[in-house]
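Structures follow.
Each of the next two complexes has chain A plus one more chain, namely chain B in the first and chain C in the second.
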Partner chain A sequence: MATPDAILVARGVEAGYAKKQILFGLDFSVSRSEVVALLGANGSGKSTALNTVSGFVRPQAGSIRFEGAEIAGKAPHRIFRLGVVQVSQARDLFSEMSVEENLRLGAWVRGGEVARLLDGVYQSFPRLAERRRQMVRLMSGGEQQMVAIGRALMADPRILLLDEPSGGLAPSFVAEIAAIIKALKARGIAMLIIEQNIKLALSVADRFLILRDGRVSQQHDVKAGMREEEIVRRIYL
Partner chain B sequence: MLAVLPQLLVSGVATGMLYALIALSLTVGYRATTVVNFGHGDMVMAGAYAALVLVGWGLPYAPALLLALAGLFLLGAATQRALLQPILAGPHLSLAMMALAIGYAMRGAARMEWGSEVVTLPRPYEQDAFMLGTVVLTMDELVIAGVVLALLAALVVIINLTPVGRLIQAVFQSQRGAALVGLDVHSFHGAMWGAGAALGAAGGILLGLLVPLTPDIGVYTLIRGFAAMTLGGFGSPIGAVVGGVVLGVMEKLLGFYVSTVFIDITAYLVTILVLLIWPSGLFGRRAAVRV
Partner chain C sequence: MTDAAPIANPTGKSGRSKPPAARQRRTLFWAVPLLLLPLPLFLDQYKQYVANLILVYVPVAVGFNIVIGNLGLLAFSNVAFFGIGAYASGVLALKLGWPWWTTILPAGLMGALAGCTASVPALRGVRLFYLAIMTLAFGELLRWVYIRWVPVTGGSFGMSVPQPSVLGWTLSTEGQKFYVFLVLAVLAVVLTDRILRSRFGRAFMAIKDNELAAAAMGIPTDRYILLAFAWSGFVVGIGGSMYAALVGHVTPVAFDLTELILEFAVVMVGGLGSLVGSVVGAAVITAAPEFFRGLPGAQELLFGVLIVLVILFLPRGLASLLARLHPIFVDRHYRD
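Presenting the complex of A and B:
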């Protein structure tokens, strides 16, 4: 499954919370500049998979290698330093701070030229440039999602882990987020995406994996053109 | 009777500023981890005794105080990392018991050396008194007010005007968010408990100017810090300061106009009444206390 170009390779990952195991031998890989969508029913282990890669959930077994280095079980801040950057489902923004303060904090650890990174984010999200002094708490869900993605981009990620980027957003924002993810893909940023909106997932991903009971049950190239109804059937039936 | 009022207010504010410092030091650790450190009073005690020992060894006052504060920073950070962090996800009661146990262990260690002996911290200045109209101001009160105001000013500057302060605010707003931008949240928790212990130690050293020290002084400081925090609103730094000053003034007023018994029980009464009637306190958003 792993190509020579793979930057993220998970093998036999088992993980869970307290006494409840969620992942039972998860295998997958993501190649350089590739966008991989994780699909699956609720409880299939999608978020746990993402949180295990980013270090928020400690795996009980298995290996996760990023650019050749073993990262399984490392603390989140160590994994982050390698350029594995997550946008969580809850967004977890600093709600009492302005857009720009949130963005600047995104660049805090991995350094980089803050002014250049900030320009890049404002070019991708002109709406954030207009609202740079606005307090995040007062923004709509879609705008907050843009801040969350922008904050992750400020860390100059090698791979972006996106957990339900369109979750709970109005349709106009879903289209906008899709356009942003495509633009990031065009820039060559590798991504691992969890997305309930299959149309959106298929429009941005190169490959999709279907998770069932904590392991990958199927994987397909988007180019193969499987119909949406067929994918839904394979996820739930 | 009213002629004494200005004097009571001035003395109350001076003592209250000391409570404010202790409540603030308790708030720093609480804000970082949402755990109330029931062993914090003993950290305050340890700070005062550390200064006493170092001065006793003949160190000049300033380096002795700085070393005591640094030592307490390390002690606070180390106890958080080694003893509390591993059980942070566990039941609240375990955390409360662990914090209490750490406090008792420190108190026990102090008792082994000093027993119930009462000791006093030597002053690095002459005790003096100044008249301000009819009000007497002691040098101790001026020193306490000066040190607490300087520390408060330094904290306001650090939190609002420095990158480290921005980070502290970020963690207070969203711990998960801070982890998502790559902060080592565990080390941050340790550092904040260390900062809380060092601030508490400063409070303990100042307290040593007002009252004789015993290894049991931690109970006195914890209950007053806790009452000030409750009155001001849990987790609010400004609430801790205002709560401390109000508590100091209330002790003096009730102690003089009602009965001297109130000096010792005001903190308990304030805690009970505020929790019962006004749990969010003066500046608190909600009284979600994780003990």
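Presenting the complex of A and C:
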């Protein structure tokens, strides 16, 4: 499953919360510049998989290698420093701070390059440039998602882990988020995406994995052109 | 963002140049103490004692506010640091004969050590009321030590601290103590301001706003929580040393829950997370009972009503009122 240019490789990952195990031997890989979508029913372990990669959930067994180095069980801030950056479902923004303060904190580990990175993000998201002084909690869900993605970009990521980027957003914003993900893909940023909106997932991903009961039950190339109804059937039935 | 070309837009520079208010604030730190210099000329010994007590509560409030206001953790170990600082100074001066001024730094370091110890539950992920009760227990445990460790602490009766001296110069009047305390209080405020304006302060702010997000941004949250507790303990410990020098007698009863409530009131009335608030709160809460002294019986009542009114109408403390008057008093500790 792991190609020679795989940057993220998970093998036999088992993880969960307290006594409840969620992942039972998860295997997958993401190659350089590749976008992989994780699909699955509620409770299949998608978010846990992402949180285990980013270090917020400690795996009980298995290995997760990023660019050859073992990252399983490392602290979240150490994994982040390697360039594995998560944009979580709850967006985890600093709600009492302005857009720009949020973005600057995204570049916490980057030191002196803040001005350059900030220019880059404002260029990609002119809307954020207009609202850089605005308090994040006063923004709409879609705008907050933009701040979250912009803040992740401030860290100059090697791979982005996106947990439901379109979750809870108005249709117009879903289209905008899709365009943003495509633009990131065009720049060659590898991504692992959880997405309930299968249309969106298929429009951006190269490959999709179907999770069931904490393991990858199937994986398919998007180019193979599987119909959406068929994918839904395979996820839930 | 590897291929994003810099654009000819000055936005990237925004927030990097110091806002004028921040520069003015620096002046505030030096101008106010300078204005206070002639104070001992106008005050009698008792009023001077109260002024000195205010200066003792400045580092105590500043230190407490770091953990509860800037870091946002509900930890009440500050009275423990205060007691440790006072006892460290007292024991070194009385038992080992060190001049008081040489005990200030060790008192701060003992406070910092207590700060590291008190941070253990927080580092293990204990939060909110659980953290509050555990840190309260830490303070009470230390009080038990003060009472039981009679050969060193003097037990329930406490110990008398020799008259303080600085470089062989005995501070025999309240006015003399005032100048030394003023220097220490200014140092506590200025150094804490430096810390809060640095990368450390930004990390504290991020942790307070959203701890998980802070960790997700690569901020080693544990390290900063430990640092905040240690600095808090250091500053409050120095406050304890000043207290020992001011009162001349250290007893366990001075570090009980009533003291904690008083210090909590200082921070709440002044303004959570505000350095200006810590100073104003220390002044108001320490001086207020003196204003009501002419009304025996109603003193505690009026004091209580004052606190309730401030919290009710100024939830962000008196600092927020000052901030409305002039931007010089605004202290949002997040700027490069």
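In this text, the second predicted complex is superposed on the first by the 235 of 237 C-alpha atoms of A that agree within 3 Å, B and C clash if a C-alpha of one lies under 4 Å from a C-alpha of the other, contacts with A are read in each partner's own complex, and residues count from 1 in each chain.
The rule is short, and it goes like this: contacts are C-beta pairs under 8 Å (C-beta built on N, C-alpha and C of every residue); 3 or more make two chains touch, one makes a residue touch a chain.
If you're wondering where the values come from, they're calculated on a predicted model, not measured in any experiment.
S.K.: Superpose on chain A as described above, then tell me if chain B and chain C fit or clash.
M.R.: By the criteria stated at the top, chain C and chain B clash after superposition.
S.K.: Between chain B and chain C, which makes contact with more of the residues in chain A?
M.R.: C
S.K.: Using the superposition on chain A described above, determine whether A:R187 touches chain B (first), chain C (second), both, or neither.
M.R.: Once the two structures are laid over each other on A, A:R187 reaches chain C alone.
S.K.: State whether A:R158 touches chain B only (first), chain C only (second), both chains, or neither.
M.R.: neither
S.K.: After lining up the shared chain so the two structures overlap, which partner does A:A115 touch, if you call chain B first and chain C second: first, second, both or neither?
M.R.: After superposition on chain A, A:A115 lies in contact with chain C alone.
S.K.: For A:S124, using the defined touch cut-off, is the partner it touches chain B, chain C, both, or neither? Pick first, second, both or neither.
M.R.: Touch partner of A:S124: chain C, not chain B.
S.K.: With the two complexes superposed on chain A, say which partner A:H77 touches: chain B (first), chain C (second), both, or neither.
M.R.: In the superposed model, A:H77 contacts both chain B and chain C.
S.K.: Going by the contact rule set out at the top, does A:L93 touch chain B (first), chain C (second), both, or neither?
M.R.: It touches chain B and chain C both.
S.K.: For A:R65, is the partner it touches chain B (first), chain C (second), both, or none of the two (neither)?
M.R.: neither
S.K.: When the two structures are overlaid on chain A, which partner does A:R234 contact: first (chain B), second (chain C), both, or neither?
M.R.: A:R234: touches no partner chain.
S.K.: Quick check on my understanding: which residues of chain A belong to both its chain B contact set and its chain C contact set?
M.R.: On chain A, the overlap between the chain B and chain C contacts is residues 56, 75-77, 80-81, 86, 88, 92-97, 101, 105-106, 108-109, 151, 155.
S.K.: State the interface residues of chain A toward chain B in the complex, per the touch definition above.
M.R.: Residues of chain A touching chain B: 56, 75-77, 80-81, 85-88, 90, 92-97, 101, 105-106, 108-110, 151-152, 155.
S.K.: Okay, in this complex, where on chain B does chain A touch?
M.R.: Against chain A, the touching part of chain B is residues 163, 166-167, 169-170, 173-174, 176-177, 179-186.
S.K.: Name, in rising order, each residue of chain C that touches chain A in their complex.
M.R.: For this pair, the touching residues of chain C are 1-7, 9, 11-16, 202-203, 205-206, 209-210, 212-221, 334, 336.
S.K.: Can you list the chain A residues touching chain C in their complex?
M.R.: 54, 56, 75-77, 80-81, 86, 88, 92-97, 100-101, 104-106, 108-109, 114-124, 129, 132, 151, 153-156, 187
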